[in-house]
Amino acid sequence: MEELLGQVALRFSRLPMFPFFDLAHYAASVLSLKEQPGAVDVSYRSPIACWFSAMLYCFGGSILSSLMLAEPPVGFLANTTNVLLASSVWYLVFYCPRDLAYRCFCFLPIRLLLAGMKEVTRTWKITGGIAHAHQHYKNVWLIMIVVGWARGAGGGLISNFEQLVRGVWKPETNELLKMSYPVKISLIGAVLFTMQHISFLPVAKPNLMLYYTSFLVITKVIMMLTDNAFTPLAPFEKVLVGLLFGLHPPCPEASEAKVPYNGASSDYDRTTAGETSDSVKRRHAKKTE
Amino acid sequence: MEELLGQVALRFSRLPMFPFFDLAHYAASVLSLKEQPGAVDVSYRSPIACWFSAMLYCFGGSILSSLMLAEPPVGFLANTTNVLLASSVWYLVFYCPRDLAYRCFCFLPIRLLLAGMKEVTRTWKITGGIAHAHQHYKNVWLIMIVVGWARGAGGGLISNFEQLVRGVWKPETNELLKMSYPVKISLIGAVLFTMQHISFLPVAKPNLMLYYTSFLVITKVIMMLTDNAFTPLAPFEKVLVGLLFGLHPPCPEASEAKVPYNGASSDYDRTTAGETSDSVKRRHAKKTE
Amino acid sequence: MEELLGQVALRFSRLPMFPFFDLAHYAASVLSLKEQPGAVDVSYRSPIACWFSAMLYCFGGSILSSLMLAEPPVGFLANTTNVLLASSVWYLVFYCPRDLAYRCFCFLPIRLLLAGMKEVTRTWKITGGIAHAHQHYKNVWLIMIVVGWARGAGGGLISNFEQLVRGVWKPETNELLKMSYPVKISLIGAVLFTMQHISFLPVAKPNLMLYYTSFLVITKVIMMLTDNAFTPLAPFEKVLVGLLFGLHPPCPEASEAKVPYNGASSDYDRTTAGETSDSVKRRHAKKTE
């Protein structure tokens, strides 16, 4: 039984991404771009900005990890076939007469299939990023995690700059301040595969790929069907955050800190350093005005 | 006759840019910086921000193409002579007593000469960028076009970040959303010279340089004299955009899409996927709120 | 006497930064992050954005100089010990029960000690940056100054993007438009050490390091005690700016320029180029609207 599972995992880990899974990734990415507020408008006002935005959605992870490792960020264009494939998908989704391509991709079973296949490519991207980082920095686990994460989470992490291309600027939020589910699960994946890579996790890579991908695909499909009501990470997150950062929402320190932004810190000054730190206090006060 | 033209083109293509054409490029760039709203004010409040902004105007193409090919973006500073030349021009234009230098450069014939000579440097930059990209990525035409474009369009493409240096932030527009004439013509030039480079265009490089530069200089001078009323690309653009993206301005899809930003897409959902895609629809609705 | 000073300077210049001075740098940086408006709030909402922000404060100079020289900006993560040290300081300052660590670091004598030691690391960073730039570009003084400055001024120069991580966006100001004292003094240090490096300044490197560091530490301590009333650079700056840029504050040109942003330039057009430049003028007017 275990041998059979190992066989399946090995075969699965050798699955080629090109062309079908890549195609699904492009389609799912371009669909989510088209559903951004204002994107259809941009596609009519400036096809070139729309195309560039679509490329950031499709190849964002590759661009971000190139930047992190000081490799040419235009490198992804060297893979002309993939760029043409992604551009065709972009063209069909945005400019197909009577919006046929978009309507067709939005048919629920097709949409679920695309989303599931896109999640499969995520695993491949994370492991690819980790292997790539390992070539540059042998066994530096922090860099392996960060590059794997960047490659897996893709466009998410650079969404502020992707939006800027379309003339949208939302500085008050970003994927680090309010992580979306794909960004979170990519981080977990990057940590797991890095631990596996430095032999910290006693599991074979093909098996881990199979387990992780199954988890990704299943949760994604359930989330799509239940309208995001299903959040598999929330309970673990709550416990972990509670343990590490002692975050009891109606915590007095936090609430104090919220009203006058660094009021809390001035209070502490007052009680500890007393008279002598008055100059420091005044300086802080001036800063916050 | 043809031989004579070939001779002229060959001589023209060997024209050295340093120092006169480079100087004209710096002067025209710094003049257009000074005419930006708020630039004079910044030059008095913070000479260093003004200088940095001027360098981004003068060497923007070089910086951008370095970033694209993962070469040191400070590399342009290694060419100390050119940096000192550009800095001198910046100093004269901004701080010359009684604004003499600026008044002098603004005298129409001089201004036309500077603008014409600046357009000549554009051709050299585009071909330089393409040759540079070819060294890194042999015959990858997409990268050659992109790097040639970045080098030619120069500061235009990074104008959002150049403005940020001066404390100005206009996220609602950028050179991809609303391309200016120099950015458009640089893109066309990059495409033409790349096609010539990969032997797709049956014309010698010196001849293409002569034709393209003549076109650049003549259109630029006419545009300056006619107050931008002359837009040589507009008719071709209209036809091309109409063919490729089916953009009939009062098109029902576009206008629908404009009112509620992705209202169009929700409509399509309703008609195609029907009841089953209701969860997807609700998710979209939530996103757009 | 002079020999004794030389001996002291030599010993001083061999002082190891790791671990105590590095630790003080991390503590002082994280403290100043915690005192930013909104930082405490972010630390509760998203520990990961807060951690990333803290890393930008601690390793900003290293990241910026890596970007400038096209080296991997994630390179600082390869020094796992230092990253863990900085992360521990961040954790203690932000999440220590009853805020003990922060209260303790805010005790004035400790705060002064940390600030003084942080200034010592600045000298080491500037000389390190200059030596690093020299490896890439032999004796290109402009690049040596810029990289030394970036390494020394650290997070300051990228503060706009550091703030963006925390969801704060203040485009109307940046460290080039309104340089803070550490950024200014780092620039002066970078110029001095570069001049020493290319044998333009007749002083031994250890001696210069001793003098410059003493100046840094003393001015920093006085500034903290006098509530920033002491500004050692202001008089020199005024003279230098007056000489170079002729900035007499109530200068008619400057005030004119301030009211209608480039009104001044249009005036000059009118008086010099007269009728013929009318088209140019109208174009400017259109731009400024």
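Every chain is named by a letter (A, B and C) in the order it is written, and numbering of its residues begins at 1.
Here is the rule we use: a residue touches a chain if its C-beta (ideal position, glycine included) is under 8 Å from a C-beta of that chain, and two chains touch if they have at least 3 such contacts.
Molecules present, by chain and UniProt name: A, B, C = Trimeric intracellular cation channel type B.
As the structure is a prediction and not an experimental result, all values here were calculated from the model.
Participant: Draw the chains as points, connect those that touch, then say whether the picture is a line, ring, star, complete or other.
Facilitator: Contact pattern: complete, every chain touching every other.
Participant: Would you kindly give the rotation angle relating subunit B to subunit C, two copies of one sequence, based on a CA superposition and rounded to a multiple of 5 degrees?
Facilitator: The best-fit rotation has an angle of 120 degrees.
Participant: Distance-wise, how many Å sit between the C-alpha centres of subunit A and subunit C, to the nearest whole number?
Facilitator: 32
Participant: If a residue has to touch 2 or more other chains to count, which residues of subunit B qualify?
Facilitator: Residues 70, 169 of subunit B touch two or more partner chains.
Participant: Report the residues of subunit C in contact with subunit B in the complex, numbered from low to high.
Facilitator: Subunit C residues touching subunit B: 67-70, 136-137, 140-143, 146-147, 160, 169, 171-174, 176-179, 241, 244-247, 251, 253-254, 257-258, 261-262, 264-265, 268-269, 271-273, 276-277, 279-280, 282-284, 287-288.
Participant: Which subunit B residues qualify as touching subunit C in the complex?
Facilitator: 34-49, 52, 66, 70-74, 77-78, 80, 83, 95, 97, 99, 102-104, 106-108, 111, 164-169, 224-228
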